[in-house]
Structures are given as structure tokens and as C-alpha cells.
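So the structure is just underneath, and the comments pick up after that.
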Amino acid sequence: MIKRFFDWLKKPLGLIAVGITFLALFSLAAYGISLSQQPPAQPVQFPHRIHIGFGIQCLYCHPGAAKGPSAGIPAEARCWGCHNQIVKTQTSLLLKPLKDSVISGKPLQWVPVAQVPDFVQFNHRAHIAAGQNCENCHGDMSKMTVAENPQIFNMGFCLKCHTKVAGENHDLLVKLTDCGTCHY
Amino acid sequence: MAGYNKKAETAHVKAEHNQHDEEHFREKHLMLDPLPRGQMNDMVMESMYTTSWKFWVVFAILSVIVAWGLFYSWGRMILEGLGIAGVNRPAYWGIFLVNTVFWIGISHAGTFISAILRVFKAEFRRPFTRAAELMTTFGLVQAGFSIFMHMGRVWVFYWLMPYPNERMLWPNLHSPLTWDLLAITTYLLSSTMYLFLPLIPDLAMARDRSTGWRKNFYKILALGFRGTEGEWSHLRNAMSIFAFAIIPVMFSVHTIVSWDFAAATRPGWNSSIFGPYFVVGALHSGMGAVIMVLAVVRGTMKNMKYFIRPEHFDAIGKLMLIISMTWAYFFFNDYMVQWYGGDKWTHMLLHFHESGPMGWMWFAMLIFNIAIPWAVLWNQKWRSTPWIVFIVGLLINVGMWFERYIIIPISLSINRMPFTWRLYHPGVEIPLGIGTLAFFILLYMAASRLIPLIPVWEVEEGQMAHELKKFGRETVVTVSELE
Amino acid sequence: MAIELKVSEVKMGEAYVGKWGMVIDQDMCTGCQACVAACAMENNLSFVGETDSGYGRSMHWIRIERFWEGSYPEVKMTPNQPMLCQQCGAATCEPVCPAFATVHSQAEQLNLQVYNRCVGTRYCANNCPYQVRSFNWRDYKRPEPLPNQLNPDVTVRRRGVMEKCTFCIQRIHKAQDKAKSEGREVVDGEFTTACAQACPASAITFGRVDNPDSLVSQLARVHGHGVKHLEELGTLPNVTYFKGG
Amino acid sequence: MSDKLSRRDFLKLAGVGAVTTAILTGCGPASRLVKREPYLQMPEYTYNGLSTYYATTCRECAAGCGLIIRTSQGRALKTEGNANNPLNLGKTCARGQATLQGLYNPNRVRGPIKHTRGERLYDTATDPFNDDFADAKSNMDWAAATQTVADALKNNKPEEIAFLMGMAPDHLFDLVTDLANATGIQSPVRFGALSMFESRATLSKASENLFGQTGLPLFDVGGAQVVFSFGANFLETWLSPVSYTRGFSALREAQTKQRGKFVQFESRMSSTAGKADEWMPLRPGTEAMVALAIGRLVSEIRGIPVPRAFSDIDPLDAASKSGIKLEMLNHLAEMFANSTGALAIPGGAALGQSNGLAVAEAVLALNAVVNNFGKPGGVFFSALAPNQTEYQGPASAKEVGEFVQKMIDGKIKVLFVHGVNPFFELPISLQFGGATKNIPQIISFATFPDETALEADYIFPDHHGLESWGYQRVATGSVGSVLSGAQPVVSPFYDTRATADVLIAAAQLAGGKFAAALPFKDEVEFLHSKVTPLINEADGFFSAPDVNTFMAYFQQFGGWWKTTDGRSIPNSADVLNRSLSSAEAEFAGEGEFFFVPFVSPTLAEAGANKPWLQELPDPTTTVMWNTWVEMNPVTAEELGLEDDDLVSITSEAGVLEVPVYRYPAIRPDTIAIPFGQGHTAYGRYAEKRGVNPTDLIGQNFNEAGDLAFAGMKVKIKKIGKKKPLSRLESIMGVYGVGLGEEK
């Protein structure tokens, strides 16, 4: 039985079947990986590019970055503050979710793209205070429409920078590579 | 061939009357009772091919036990957490580690018989080196299962392997558990290779005598062995290197396992004699297991009464007696020195061993490991009787399992914080432990029908080396140096 | 690791000064369990239910021990002894962890438990002479809406992970971050652990032991007869007990 | 708005993030499925990830400690003590810490319900650790609910309307009192199991008898050198435990002064007695005798003529009856007499006996012999709260009994219940349960589905304490006069409504004198009206020019209090010249054991539904999640009982089945059971756990009207079954059980 199966595999039809199975598995895996790399669907196709083009600073909408751990997603009141004065808001299909949301009082559901696992205690404030720019981690937003993450925030990414910043300063290196600095 | 069985059975009885008879020597000693090589090969092949319905019934029952005890229970434990096991504070380690140590102990017998006895040219080893060596590998598989079961998050076991990663994190080489992992892996790999090397000529033999899928199977495994002079000399070289190299590995493995305990700052564990004590304990349970396996193989498999004879039980029985004495010596040493140490927590622990709720286990351990072997194995007749040594081997294994149980969960119940003392009550460890036992037997059963259990070439080699000569009126056995 | 582990460098007998430490006055401790509750609330501890808690599986990071002396009517309750991670300078839990999940913080001189690195061998817990580690035997459930109360600064542990008192390291970091943003050092008493904060009898004091002017150092000097538990094992604990009475 | 949104926010952050974690890392990376909802309108002082702190008042007991609640994005995260509040100075007890588990309790009443008496309010079939059991759905809206209350007020004669309220002297009590005074409905009855076990009425009655002034005495434990406590469990639940614990801490302070001594007289070693230097296991009922004997010996030692109060007592007789040796009495008397700061405290089970009033008087008289009144380490009258003119104690059990009699007589047509759970807290022998059958309409304002809500016709749930406005007068414990303020720290989690708002709205709907009695827009306006008089008071912690600024400060600091000493000094002139009774207590029932029920220090009367309070080990026995009976090991051996053996305990009033805890520090003729468990409703964590010792308490009162809860005798019978108790302690390590013969 097994022998016959192996014999069959050696025939052209069998070889083709093996090939197809392999390709199917491979493409499934590739699809899965590519899926995980796509920027997620957002309720509004928010164009960071245009907003930055107007000269709006990052901290205008994400003020938490300078104050505490979380940069935060701006309250819709902040969007509306400008947008209710813009005629296009009333007509644009792309902005309809925002309009609807403000009218209905149901907030938009954003999907964060830059995330760390919940066992990582990340603090924006310390990084901004240490002179890091937003784009060091989040990429050049002025080139992005919907936000996407230029890199995977894993421990290697953090450590690469932490060791570089510390350089020869041993005390700083100890602090910046201490497990307890991020994990507790 | 049935005639040989009968002869072997009666050899023992005859020996009593006719001590100097040449015929008696032949009946008693395999090495002096040569058969044509082809016939021995056929006998071994026949034993592999013969499966009664009983074999399949046992096989099916064991498969069900493995599926339930090992895979279903373990899956449930992975999904629900270790809460369904009996481990608690302070007995953070339970039967999982008892079983790990137990199976590693079992695995020591194979190496002991096939490497140490080979190195020392103990001739009685020849027919059962493989049977013992198989136990090493399969025992280690169970040990591996047990230790992975023990982990709270087994799905991240690979963090214990040293591999370069961007997190710049390595396993902690200070930890005895890391040593353990390295030692067990080394031992598993080297003992598997050491199992395989002497198997090659037999696989080639089986290849030449089988058809169908078996032929393909043996063809792949035999690695094209043809039995040329060059192949034999390479094989002998490899085997003698391995036989020497694996002995320190064997000793190191159980020593390192003992360091898991001895290196800890716990009363009762922190003992410098634990290394040799554990090695001897491992041999104790291992020899007991070998003798059980031999008794079963002899009783259930075809043609095995020719290969495995009372003389072998006799020889192993002597070894067991010596090992039991050594174990008793180490036990006494450990107990006495700890007691004289005078530490109050150790005192409390030693007292707890004897008179705590599990005190019966402590006494049972001493009876099974010391009293019974000493009482039985001094008698040549008894130790040559398979069913008697089977029972003794079984009791020794139970006793040694008790020993590990006393060292791990029972000793963990007592620590330096009396407020936390608590007993350990096993939970899902029981099906899992039964599962590993069933899996061991299952693997062994499958192996007994897949690979030649008797190294025919080794037996034949021995038979060629042995000769009966007349020295005056005396018949003496002579052995010529082969290697 | 990019920096080598230095635990072995701290040897017995060397003058060792930790960084964070605690002083517990057992004479004041009334055993009221406020610290236990405060710790549970601060650090997202799971409750485990009647069966598991009675089987030595409760998740208390701090427990109050009491024994009895004598027999009725001359019976006495021994001074309540809050037992928590002693944050040893040479902790026995650290070298035995095969994965560096239990590791010494060089920056804070604390024994860290890195939950996400833990593989659950439980060797650290066996080897802790104080028996203060708790293991997540199951995924203990918090029915909705109880999770609303979880502290976002503390990781929620899952099954198979060891955990223990952290000296409220999230509060240490918070205070340090705040001080740094204001360009100053952390002031003694600016923050404290949840247990010390709650303790109605003020039996627990937390602070810098390497600063001779801090309240903990002062208390240690005034009392002068503090006990460090199982100090003879060379663990260099950072918690000092006063039996008083 | 913000609450709902941020709750979801959190669910997704912590819930999804933690639960859908990937297999390979265990703790797991945050999932890509996370969704975040921003605020529509962010409060200006809020930043994501930064906490906001609100001051409020703890409602877990009636003490009124100030709390600071850490909140983040509309969720309450952590309870901390309010360091400004002079009552607790930044400290909390375990129950205060666990108050959040009440707020986010999985079983709360989620909206107004019209209810059939006895109908279950939630599913109890499954495992309490599971998510999936649903609370009863709200089946009416608040407009209808308000109309129901209005109709109840309007359609009944005022004298047939009654309010039963919790112990806390809070704004709602004031509101109902105002309503009652203006409309002629019955004055609200304030009651709680704690007041029963504290014997508050006895304490104030004894003060009245001795000092001619009603009030709650305040004992300055911290300033004393020697403290004799007769049954007062002041480190557990008595009156104001956090404040008294601080006092105890000061007593034991050994750095700057001499370490104070503490002696406890009671038949069972409570966790308070566990901290004592000497524990005197006297025979229950002989407390008055012992106190008087010590008083006599003290006056002899001090060389003053034995005053009339102590003249009738024979110390030898007292010694033989109480079981304390005469040498010991002498020793104690010397200790008391030679100290510069001696203090004697009556309380707890000592007063809950038929002679409770005599005990309280005798012990207070002991203070008179060293004349510590008004001195540091002595006895004071508690400061009256700012908007209070005279002491108002909660109702005594006897008054509650009279109230129940009215119910039985059909004189009450509508009963409003708020903040109290009489079905659980009152002994069955008081027959509250049966009496409710004579009441046509019961309206419960319960936050949790408790036993009383289960027997109500309507449940109009009040907010949880952390969601509501209010204030609470601090009855005792502080030096100055304190009004603790409460404000919502989170927006209401469910469709609940403040009872004050419901009553105000209903009064408006009812019109007439009701509307006139409560002429307010809402609860906050009522609060403004109540605190307005304080604006002009002197010595305040803060002052403000107008009520709005005052209220802003009031919220910011968590209340208003005076910086001056508000305690008054009892007039002790006549104390020692009275004749005091040394009669022994009488015990009801035939049994051979004295029965001492005591309040569980961790659960108290309303903690059982909070899972972490259940999991806190009891300070004395370390038992969790259950009820036990404490029994001396000698007694247990005589009865053939082991640990965890179930026994049935029978008194005149009832029978209970409890597992045994062999407790080394209790008299062999006494058994004790903690109060706090034994719920038949009240949420998944409370229900079907342990027993309620009040079932054994008969309807006996002392002279002050307090229940003689410790005045029962009981019988014990072995059942032959076991119920293993969950203990934190090791029975092997602590008691040497199971270690082998010798330890």
C-alpha cells in the first residue's frame, strides 16, 4: 500500500501533485506573512501626508508623546475644530465617517499600527526627552497616506538603538539594557 | 529449533548432576553452544516476524493508553495550565521531575551494559546489549516528554537552546537546568548513535533476508553495509571510540541531574554526595529494568530461549546485588552526614521522611531497594530464575521511583518557611506518568518487531572466540582475543 | 547579553548596599491584610478561588505569617510577619533560571521577574528560601467587568508564568520619570509601594537604603536591632524586620 | 460618555491584548485586531496614559475615611488613602482597597427593575469564575421608576411610609430626615450589622449615664502608655479601625517614647488581642466584675479611698468567677495604676451581653480612677461633624425590633431600603423576613443584588459609592470635626441613578408638601444647600468666598474639616460616686458552650461579594472563602473533632453547620464564628459560601437596647462529614499536624 503510494509519487502525475501541494502551502504561508505586513484598514483614510504638508506638528494631534507614556489618538473634537470650517468636509465621501461620527456621537474606531506587546512598558516621554524624533521609529509620515509601520517593533529594534545611544557610557548601558526598564 | 528451547530449560537442572560434563557447558553457556550463523539469523528474523493476536491486543491497549494518558492529558494541560496537575507551593516540582529522573535512570542501564561491559569484555553481555541499549534511547524519550510536561510554557522551550537572536539573549549557563538540557541532548544523540552502530550489520542481515517494505526499510537503515573487511574495521573503530566516549557522558548526565537538586539552597538537597548517589541509583533501577525486559523478551518472543539463558539472569543478578549494596552505602552516607550536619530544617525534613504522612514510602524504598535484593539475589538458583528476578527488578524500580518521589515532592514540602509547608497530591501527573510508561513499552514492542533484538554478529563473534578444551581431565573454557 | 551578569560578583561578606529597601516593624503590624489587598489591586494579582487558594496556589505577593507560642491559657500569637520578596542582593532564585527570566537589575538592584521570558520551570520558586514566589497555575479568570480595574502599568500574567513582588517597580519608574522630566532626583518619600502606602499602622517603610538620610536608613539606625531573614544563607536581603516587643 | 468609550478602549487594550496573545510568546504581542476609540471631546486635564486622581470617601463602612482614587481614561484603577483627611491620614484598610471590586463587580443591579419577590436576580448555575452569567435585565425606565416612588409617597399616609437606611450618617440620611420632618413620614431608621456588633448604643448610653452627655467616646490609644481593652476589637472593625490602628501604631512607637503596653480581656483571642502583650481569657459575662475589681485594686495601690463605684466588689470573688488569678489581677492593677497614661476601652462582645451596659459603665469608671478624661491617652467625646449639632447614633437592635413590630402590625405600607441588607444583617430571630410579608410595597435602592433586593417589589439601584456625590459625617476617630466629601470618580457604569436624585424627582412629582420639602433641582443642589453654612465657619481647612468655590475645594480635598481640636471632655465628676453593678451576664439557652460571634475583619458586613476580600486570609486563622468555628483543641479532642470536621451548632434560635478550626487561643468553654459569609444572594462570590452566625442569635437585648449577641449558649454535635477549609497557613508548619509524632 505504502509502496504503491510511493511508486505513484514517482510518476509524473504524482510529481505534479507534490509540486502543487508544495506551492499551495508556500503561497498560503506567503499570503499569511504578507497579510500581517499590510497596514490595517482604518475607518477614515487619514492622509498624514496632507496634514503634515499643512505644517501641522506631530504633537498638535499627539500631545501625549511629550507628556507621558502614550502619544494618543486625537479626540475628534480636535479634528472637528478645523474640519468643520472646511467646506470639503461636508461633501467629501472620504470624510463622511468623521462627519457621521461627530453627529452621532459614536467615536471612530482606529486601528493602531505602531504597537508593542502589552508586556512592554513603553514611555514616549522619555524617548522624546532623550532627543529622539518621531520619525526615528514611526518613519517619515510626510510620505504616508494611511499610517503604516516602517519597522516591526521587536526587542532587537529597541536594543539596537539603546546600545547605540549608550555607547561607552556603562551606567547608561546598564540602565538602557536592564530587563526591568521595559518589562514589569 | 524447538529442541534448543527444551535443552536450555533443562540445562540448569542437569548442571547440578554433571558439573564437568562438556554437554552441560554447551547447554548452560550460549557462547559454547554455537549454531550455524545462517540458522541464528533465521531465528532472529523469525522472532521479528512472529506476532500473535496477543501482541496486537496489548499493542492496541497501550496505544489507547498513550493517546489518553500522554497526548490528550498533555494537550489539556497545555491548554488549561499546570493547575490540573498537583504541583503547588511549596512542592513546585512533582511527579514530572520524578519521572524525568526515573527515565534517565532507566536509560543508564543500556549504556552500562553495552559500553562498560563491552570495554571490560564481559562476555555474558553479548546477546542483550541491544535490548539494553534500546532502553536507553526509549527511556530518554520518556524523560524528554516528562521534562517538557513539567514546563509551564512548553511552547517556548526553544528559549532554552543557545541560538543567536536579535534580543541578544542566551540561556543562563549558571543554571543547572541549562546543563541538564545540554547533557540530556548529548546523551540522547550519542546513545542513539551508539545504538545504531552495532545495529548496522544486523540491519544488513535483515535486509538480505526480507522482502517488501521491510526490505526498503532495512535498505535505507543499513547504509549499504556489505560486510567487507574495510567496513568491519571502520565499524569496530567507531564502536570502540563510542564505547569509551559514552561512559563519561553517561556518568555526567545523572550527575548533572543530581545537581538540579544538590546545587539548590534547600535543606535535604544541598548534598555533595548526590552525584554518585544518583548515578548508582540510576544503575540500580536500570539493571532492574533490563532484567525485567529480558525476562519478558525471553518469555514472549520466539526463539529467545536460545539466546537468553539463566546464565544471563545469574550474571545480571550478581551485578544487581553489588549495585544494591553500593546504593545502600551511598544512601547511608547521605543520610548520616546530613543528620550529623545538625541543621534544624534538615532534621525536620529527615524526620518528615520517616514519620510524615508519606513515611510508608520511605520504608518501602529501603525494603525494595536493599532488603529484598539482598535477601533474594545471594542465591544463585533464585537469581537464575526469570520470574523471581523479574519481581525483584520490578520492586527495585518501584523502590527507586519512591526514592525520587521522596527527594522531590516530599522534600519540597518542608522548607525554611514553616508557614508554607504543604503536602503534594498528584493530579494529571498520574495519567501522564502512565502514558510515558505505556509509550515506553509501546516503542519497545514496535522496535522488537522492527529491528533485530539480538546482535547476531556479536553472539557469533563470541561463540567463535570461545572454545572448550580439555586440561587433563578437566574441561575448561578458553576465550581468544578477537579485537 | 550585551552586558554580563554580575550577580556572582556580589560575594558574601563584602560590604553590600542595595538600592531600594524596606523596613517592617512587626510590633506595629496588626495583620489587617490591607497591604495584601493593596498589593493585589496595584499589581493585577489574580484571585484563584477556594480550592486553589487552600492548596497553596494563592497569588499573594505578600503574606502575613503568624505562629503560636505556648498553649492555652499562656498562648501568644507571634508578631505578625509580612513576608514578601526580600529583593536579595545575591538572590538564590537568579542563577538557577535557565532563561534569564529571573534576573538581577543592575540599574535598580532589584530581582526582576521578566514575565514574558519565563518558561515556567519553577526552579526559582523552589530555590527561594523565603517561598514568596507565586506561579500562575492556570489562566485565572476575571469576569467582566472586573478587568476594568487592571493597572495598565503592570503586565497581566498568563498561565505558566512565575511572578513575585516587584517592590512596585512601576511606581519606581513613574517617580523616576517624573523627577527626570522636572530635572531633579527622586525625593525620599515622594512615592512608596502599594503595601507601605496602605498600611494603617505605618509598619512598612520603603525607600533608598543607599541614602543614609532616607527614612528607611534612619529607622534602621534608630532601631539598631533589625533582623534580616535567613541572612545566614548569604542572600543579602533588602528587607529589615523589627520584632520589637 | 468618556466612561463607556474608555471602558471599551480598555477592553480592547487589556482584554483583547492579553487574551488573544500569540502562542509563541505566552504573554503575547498585542493583537493586530486592537481597535481604539478616541474621546470625542477630551477633558482638558487628561492625557492618554496619564492618571487623574479624585478625592472621595470610602463607603465600605460607616467610618468615613477619605480616599484618593487613581483613574485613567475613565476607569478607576486604585484606591489610595487621602493624606489630607484627618481621619485616616492617607491610610486605608483592606476593605477600602477592595472597593473597586464592588464598583466593577460582575453582579450589580444594572438598572431599575420591577421585581417579583423571591425571583432570582442573576444566574447562579455555573462556576463563579466564568464570564457567562447574566444579571437580570432592567425592565423599566427611570421615569417610570421615579413615578413609582412618587406614587408610593403620595398614595400612602405619611406615617405608613418608612425608610430603613445604612449606618453611615451621610447626605442621603439628611435628605430623608428633612423629608420626614417636613412631611410626617417616619424618621429613617439607620442600622447595620456593624453597629450591632460594635454595641454603639451601649457605649453612648453608658456615657450618658456616667457623664450626663450623649456621644460616642473617643479613646486616645496613641497617647496612652497602658491600654486595657475589654472586648473592643479596635484593630479590626470597631468604630473607626484605620484611625484606631494609627493610634495603636503610635502606642507601639518605641523610637521617641517608651513602648506602650496593651492588655486585652476577651474569651477568644481576636486579631486585636493577638497584638496585645497580655491576653486575659476571662469567662464571658464577668467583664464588669473584673473591671471593677481592677478599679478597686488600682485605687488601693494609688492609696486613695476606694470609691463607691468599686466598694461592692470583692477581687477574690471576681478572680474566681472570671478565671483570672488574683495575682494576675494585682499585677494588672499595678500596671494600670503606675502608668502615667492608662486607658480602658469597653467594646465589642463584652457589651453585647445581657449586662453590657454595666460592663461599659464599669470599664469607663476604670478611666475615672486614673482620671484620664481629656488628657492625652485618655477618654474624650468624639468631635461632632461640622453640620451636626448633637450625636445621632444608629438605631439599636431593640429599636429595630420595635420597627419590625410595626411592620408586623401592618403599620407600614411602603418600605424604602437603602444601604443596608436586613435580610442578611439582622438575626433571623428578629423576624424581619416574616414581617416584610405584611408590607404591600418594598422598594430597594440596592447597588448589588442582595438578599433584601431579592425580597423587594422594585429595585431602583443607587450608584456605587465611587460613582456618586455626597458627604459623610465622621462620627468618631478624628481629633477635629470632619465632613468627608464624596464625588463621582467615574461616570456610572450601569443605568443606575442616585437615590437622592430619585427622591428629589419623586418628591417634585408627588407635589404638595413633598415638593416643598425637597425644593432642589438635583442631588448636587441639595449638597450645596447643606454645605453652604460651612462657608462662614471658622478654623476650616480651607475657606472660600462662595458656595461654588467652596464645593470645588470640597471636591479637590475630599471634604471639609476643622483644624482645631473638636473633642469634648466628659464630665467625670460623678462617675466614681455611683454604685455600679457587677452582676454577671445571663446567657440564653441550654448549651454548654459560650457562643461568640465576631465580625470578620476582612469581610465585615458587605465585603463578601468582592473576590479579593474573600481571598484575603483571616488575620487570626488565615482561612479564606469560608466560615469556620473556632474551638479550643482540648475541647475538640473531648468532642472527638479534628480540623475541618463539620459540626452542627444549636442555640435557642437556630442551627448551623460549620467546619471546625482548632484554635489554640480560645477558652475551652467558648466557641466563636465569624460574621460576613453565609449569603443566599449578593453576587456570585458571596453566595453559598459559609454560614451566617446571626442565625444562632436570639432576640435578647441588653439594657441599652443593643442585641446581646454574645449572650447565647450553644450545643455542639459532630456530624461526621468534612469540609476542608482553605487556609493560607500550613497546618503542618504552624500546628505540627501531620509531621509525625514529635515536632
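First chain written, first letter: the chains are A, B, C and D, and each begins at residue 1.
Here is the rule we go by: a contact is a pair of C-beta atoms (placed from the backbone, for glycine too) under 8 Å apart; a residue touches a chain by one contact, two chains touch by 3 or more.
Everything numeric here is computed off the predicted structure, so don't read it as measured data.
Think of the whole protein's Cα atoms as having one middle point; the chain whose own Cα middle lies nearest to it is C. Looking at contact counts per chain pair, the maximum sits at C-D. Centres computed as Cα averages put chain C at a distance of 31 Å from chain D. For this pair, chain B with chain D, the centres built from the Cα atoms lie 66 Å apart.
Each chain gets a centre from the mean of its Cα atoms; for chain A and chain D, those two points are 51 Å apart. Centre-to-centre separation of chain A and chain B, using mean CA positions: 55 Å. Residue positions 117-119, 159 of chain A each touch two or more of the other chains. Multi-chain contact residues of chain B (touching two or more other chains) are listed as 153, 156, 168, 417-420, 422. Residue positions of chain D with contacts to 2 or more other chains are 13-14, 18, 21, 25-28, 49, 728-729, 734.
Those residues of chain B that touch chain A in the shared complex are 165-168, 212-213, 216.
Chain A meets chain B in the complex at residues 2-3, 154-157, 159-160. Against chain B, the residues of chain D that register as touching in their complex are 23-26, 728-730, 732-734, 738-742. Chain B meets chain C in the complex at residues 80-84, 87-93, 150-154, 156-157, 159-160, 168-172, 174-178, 181, 260, 263-266, 412, 415-420, 422, 425. Residues of chain A touching chain C in their complex: 117-119, 121, 123, 125-126, 129, 159, 163, 173-175, 177-181, 183-184.
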